[in-house]
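Heads up: the structure comes next, in structure tokens.
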Amino acid sequence: SSSGDAPEEKTGGPLKVGAILPHTAYAGAGEALVSAVDVAVEEINAAGGVNGGKVELKQVDSTDNNDTAVQAVDSLVTWGSNVVIGAYGSGMSGAIVSKITESGALQVSGSNTSSSLTGINPLYFRTAPTDALEAAKLADLVVQDGHATAAIIAQNDAWGQAFQKSMVESFTAAGVEVVAQQQFNTTDTDYSAQVDAVVAAKPESIVLLSYASYSGSMIESLVGTHGFTDKNLYLSNSTLGKYTIKPSLLKGLRGFLAGPDPAVEAEFDKKLLAKNPNLKSFAYAGSTYDAVIVSALAAIAAKSADGKAVAAKMAEVSGGAEGSTKCKAFKECADLLAAGTKVDYDGLSGGLKFASNNDVTETAYNLYAYDDKGSYAVAP
Amino acid sequence: MTPSKAIRWLLAVLALACVLALPSPAAAAPADEWGFRGLLRDGEKQPVSGAAVQVKDGDTVVGSDTTDDKGRWEIIPVPGPGTYTLTIDTTAASGHFAGDEYEVDKELVESPTTLPVLNVVVSTTESSQQVASFTDRLAQRAVSGFNLGLLIAIAAIGLSLVFGTSRFTNFAHGESVTFGGLTGFVLAHVLGLPLLLAAAVATVLGGFFGYAQDVAFWRPLRRRGVSLITLMIASIGISMAIRSLMQFSFGSASRGMTEESWGTVTLGPVVMPATSYAGMGISIVVLAGVGLWLKHGRIGKATRAIAGNTALAATSGVAVDKITRIVWVLAGALAALSGVLLGVFNQVSFDMGFNLLLLMFAGVILGGLGTSFGTLAGSIVVGLCTEILVLWIPADMKYVGGLAVLVIVLLVRPQGIFGRRERIG
Amino acid sequence: MDIIWNSLRELITPTTAAYALAAIGLNVHFGFTGLLNFGQAGFVAIGAYGFAISVMTFGFSTPLAIAVTLVLAAGYALLLGVPTLRLRADYLAIVTIAAAEIIRFALNSSAFAKWTGGANGLYNEYSGWLKGSNPYPSGVVTVGPWTFGSNDLWIATVDWLVVLLTAGAIYLLVRSPWGRVLKGIREDEHAMLSLGKNVNLYKLQALVIGGVIGAAAGILYVQPTSVQPFDFATRMTFNMYTMLILGGAATVFGPILGSMIFWVVMRFTDELVNLGVDGGLFDNVTQGSQLRFVLVGVALVLLVVFRPQGILGNRTELSFDAK
Amino acid sequence: MTVVEVKSLVGGYLPGIDILNGCDLTAGKGELVGVLGPNGAGKSTLLKAIFGMVRIRSGQVLIGGEDVTGISAEKLVARGVGFVPQNNNVFTDLTLRENLEIGIFQRPKEFAGRLAAVCDLFPDLTARLKQRAGSLSGGQRQTLAMARALMTNPSVLLLDEPSAGLSPQRQDEVFLHAYRISRSGVAVVMVEQNARRCLQICDRAYVLDQGRNAHTGTGDQLMHDPKVIELYLGTLATDVENEQ
Amino acid sequence: MPSKRDPILVADRVHRHFAGVTAVDVDHVEMPRGKITALIGPNGAGKTTFFNLLTGFDKPQTGAWSFEGKPIAGLAPWQVARRGMVRTFQLTKVLGRLTVLENMLLGSKNQRGERLLPFFWRKQERSDSARALEILERFKLGAKAHDYAASLSGGQRKLLEMARAIMNEPSLVMLDEPMAGVNPALTQSLLHHIKDLKNQGMTVLFVEHDMHMVRYVADWVIVMAEGRIIAEGVPGEVLSSTAVVDAYLGAHHDTDLRELVREMEA
């Protein structure tokens, strides 16, 4: 067997973007991310690509299982990815990060929110904001509505557990008493135990931290059976989605989504739906889109497709450089870069700026609420 | 105000101060308006209205507000990050707080994980919170458990029957449940049929689905004389194939079965949707019917005969293939019905049946494999334990309750509740 | 052609090795002794978590951590075996699934997150010893037509060494009279009792040996990645049974061959789907990926139909159904 | 009139290994035919082959003149063939009554009448009708198996060692039953190891060896054929009786 | 009641009933050492159940028994077998997917290799195999030594079961209807073998319905009916006692069936 670092050969070639996202798992929560990557790469290539070549894309199915995910990473590495987008879950990212980065590729996730990934590898970046800020916003909303006690129902997975922790911290900091916390497994037959336990504690407000896919029956039960309303039931970003329950049950329910401009967001959602009309929830699609765009911009700034070189420019193009010019779309930013200007990309998910530990800061949130037809829009 | 109340006030405020004093990582905060927002509650957790709240920077008052009828106050903006003194004067407030005044220092910090607006909820007591009584919760859990038990039973009876005739553990049975759920969804939600009609049609289609499985897989495999373990492994493959196919056509998301609602029924402390009671009623009727039919009907006896000794049953003139097919149809139909009920109870998704499979197994085994009333009893025990034990164990481990009871019962009765020991020799 | 080579690469990956080892353990249970253990994932989980927690929480040295983990697995086997081994085969299957799921629920629960990391699991901060002893040059290493990360290749080397040593030991054991007693128990316990064999003791021995091998597989399994509760779901055990049937149960090399074929086929279907997407067969990867598992399931059924005894198994033996 | 006719049957269980190597057998209406032979000669295999439970490579089975080679068991039962296998011949999980019900599964209306008739024949079953067959003793099972086969009132009855495990008194009863049944117009084929008793009562007997007809003749002929005695019957019974 | 006959097995007040049915109710019984004892009785008399009780496969409601002077009630079946009391089953239990020879080798006792030792067993294995083949030859199973036991015919299974028990060289071998289904000529030759066992110092207890065989080999006959022991003695006497004839043999057991038929038809 022979050996040697391969990156040199990659430098000159086109930027190869691999994406490892769930196509078959997590109740479809990852499907919007798959489309987001497609949209991003199409836009980049429509605008002339990176360093004179078209960006090549290979999407693979991460499934929800590390065995198959590891295989999928193998195929991305063999293919020669410079940038790998994903994985969807924080847990899986932790499982594959060493494999990806060992090959010299850069890993950028648009959906990892777990704080335990902070600083795990110099080649690992993420564009998803940590859920702590969203938790603080939710707690603030609860206080604004005049509730001094709250209960939490959280999905029992990496995302849900981390969010729940943040939520409890935010509530405690605000002085809101958390009177009940319940977790549910996504594979359980029903969530009545959790709903009943929470209701039994008679909280003034309830926060639902779960994917839209699993929340329908809980909302039906909380609103329809137990009399909670849009004034005391709150939703997380992933809970905002399309439901098949009676729209009157959803009416007025609120939650926060990251993103600077709701109009841009709505425009973006349309593009995603054009790719895949079955999408039910758009959580983390924007940040995944940003992950692709910002790494492409970094590749332009680095004038190289090599993972390490791109990584070195990630902070700069996100606004880390002095005197950079703000830009909001790939074409705009790429033109600026071509003109030799330093750029500060502000993406779909907010200000987007990488801190020294490669986590993202500067996130803006908008409050969304359901209308009487079961779709949600920015709350007035 | 009594001294003890005053102490509690003080403690609450101190606790708050401690929490706020925690060091937070400094970083750029989103540029926004800085300020304070809070609530004021009394010892009974009732809002205190009309209290005066002030924020002072040193001796300068930077803002003030009066609590509203919900006890809310808001002082925004204040100049920016820094330490402020917050005072609450309840002299003019409602309730028996008149004359008291409180003061505490608060710090506004810049951090990527906190907001520029600081929430300050002040309440005089930690937990005078009203909670539902234990017996009320027990009642609610017991009814839910019974409901779940019936659901498991109706799904598991098919599993038990198939085991009864073919002697193999069908890991693909969950997919028949899913089939019912998804069909029900299409009928009720997409085509808009009334729920009961949808359930009936889905059950019939489920029968066809069972039939199709037998024709497509099991009969050919039986013909080849494949061993039971091998059949079991084949069922794992079939389960995976059908499940993925359903995912392919239905998508990965879970969805509500129907928008139809029959309202809520409150029986004492137990609050449940009327549909759940209807589902329980249907389950009981169907289960009793099937159970009696199996015990006393000819086909029921034939299935048990085939289970015990297929070759001998054939030489006694039992049409093994035909009976087996009837069993598959029945198993498919019952599974589909349970899928619809489960969909109404919770939601439908491509893996709903697969997720129920383990509980079905537990029910079947607990009752003693191959006996239909055993399956019913076992399933209800599993359902009750799963739902009731969450009063003591964390709800995210709720299956542990149902599964643990399985293990414990088998320790005492290795043959299951209704199973019989074999004679040796 | 690439897709063939890419698929064949799975022959020697660490995952394949770890699964092969776990399946060898399962073969001791199911293939040789007839114990329908559907909870092998539980043993693997104990191996993975036992090792990771020993190193990360208690700071044990690697050899000590391995020893503690294997002892733990043996203890679990006894705990599981003493009360349940008198159950009928199909009852045992469900009880072992239940036990493994109980373990997984507990590992997943936030109640013990302090040690287990809850649903997040534990990131790899425990394989330093192995990576530290890596003799291969760092970076990417080429082996024949394939490239490997240096650490991956080293882990694979160690894994396969363990697999081969274990297979050798099993080979000696099952061909000894001890192995014959196990097979006798598989066929009829009462007959064995009447011949003076302490059936429960043998079953316990088999359970402990197979379980400890499963736990060792768990240790190997998590070396290249992190530890996550979801991986130890029933699907893991199902996969192992598939491998066992593929390769041939009650044969020494069946599980190894089975694991190799299984993962090559998994990868191959994945590559096929990608090919289909490139060729415009599917609108998107998502569609193809779902069909991929249909393909895998159907392949398993076909295999069972056309070669029920597996690659190395004995057709005649299979024609006599167990009891 | 010939009811059962087996013509040079060749077949076996595993591919390539023939157990039957050209067996012939006929049994007429009202005839009691014995099949004897050493262990492993293929006697049970022959009965199973008639019943379509063994792969037949060549040869023919005719029942009532019609070719029924390889036909399914339940169709044979419908044509009036009854069978008592050698092993596993009761449904252990079912009660005795249910066992008997399965015996006449195709004609449930006649159950009550047949039950009474069979209970007449085997009175000690009557008291145990609610007991599970799995708890019966070896001999009791054998009796039940016989009773189950008689439920249908068959026109052809295949018995595989019906007297094995029965007490001497019962053995005699079984032989006499078989005789009586045959005389009522049924073709009875019985495989037996209780050879002398069988030869005493049957109209004709076949001695099989290695899947072939080794000897054929009336009971008397075979009982005194020195070759049959040497190969198969032995001299134990006569020795012991002479000793007394 | 101390016995002069030096019994190898003594049982007292053994009682077993199933849901109202009394299966075994033995007050006192002794098995003479070094003799061949036949246990006979009508179907359902409780013979097999009694075997099950003595060997630990079933538990009695009451009862005590001792083997070689030591009480063994309550021991597990394998412990009983280790003490030298090995039984066969009326409904045969062969190890189907093992070869006939492997079945035999499992009968041999004290094989060191059965104690989780991968080595040091080959020598013993060789001598065991030789002995097993010899016994198989005698049981006319030599040609089948390397076939799966599942492929044996009904009678062959009985033979294997018996051969396997003898392979164990127990001090008391308990055979449950060993010759039911075995062809007469072979039975005859095996009886010599059983008598041989006695000469080798083994004690034999067997259940049988073939009176010729009982007369030929048994030294002692015990008759059970409805769970109780109703008679005991040497074969000649017991088999002609009216109680035994009434309860078990039937009036016609010595009559040629042809005569009975003639009577019947008359």
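Here are a few things to note about the model shown:
By letter and in written order, the chains are A, B, C, D and E; residue numbering begins at 1 in each of them.
Just so it is clear, a residue touches a chain if its C-beta (ideal position, glycine included) is under 8 Å from a C-beta of that chain, and two chains touch if they have at least 3 such contacts.
Heads up on the chains, UniProt names are B = Branched-chain amino acid transport system permease protein; C = Amino acid/amide ABC transporter membrane protein 2 (HAAT family); D = Amino acid/amide ABC transporter ATP-binding protein 2 (HAAT family); E = Branched-chain amino acid transport system ATP-binding protein.
Note that this is a predicted model, so its numbers are computed, not measured.
Separation of subunit A from subunit D in touch steps, taking the shortest path, is 2.
When every chain is reduced to the mean of its C-alpha atoms, the one closest to the centre of the whole protein set is C. Ranked by separation of Cα centres from subunit C, the top chain is D.
By count of C-beta pairs in contact, B-C exceeds the other of the chain pairs B-C and C-E. One simple way to say how far apart two chains are is to compare their mean CA positions; for subunit A and subunit C this gives 33 Å. With centres taken as mean Cα positions, subunit D sits 50 Å from subunit C.
Subunit E has its Cα centroid 58 Å from the Cα centroid of subunit B.
Averaging C-alpha coordinates per chain places the centre of subunit A 75 Å away from that of subunit E.
Within subunit B, residues 244, 247, 394, 396, 399, 424-425 each touch two or more of the remaining chains.
Counting only residues that touch two or more partner chains, subunit A has 24, 31, 156, 183, 185.
For subunit D, residues that reach two or more other chains under the stated contact definition are 13-14, 135.
Residues of subunit E touching subunit B in their complex: 48-49, 51-52, 57-58, 89-91, 176. The touching residues of subunit A, counted against subunit B in their complex, run 24-29, 31, 130, 132-133, 136-137, 139-140, 143-144, 146-149, 156, 166, 172-177, 179, 182-185, 187-194, 196-197, 199-202, 212-214, 216-217, 220-221, 224-226, 243-246, 278, 280, 351, 355, 361-364.
On the side of subunit B, the complex with subunit E involves touching residues 424-425. Against subunit C, in their complex, subunit E makes its touches with residues 55, 57, 76-79, 81-82, 86-89, 93-98, 102-103, 105-107, 109, 111-119, 121, 125, 148, 150-151, 164-165, 168. If you check the complex, the residues on subunit C that touch subunit E are 169, 172-173, 176-178, 180-181, 183-184, 186-188, 190-199, 205, 316-317, 320, 322-323.
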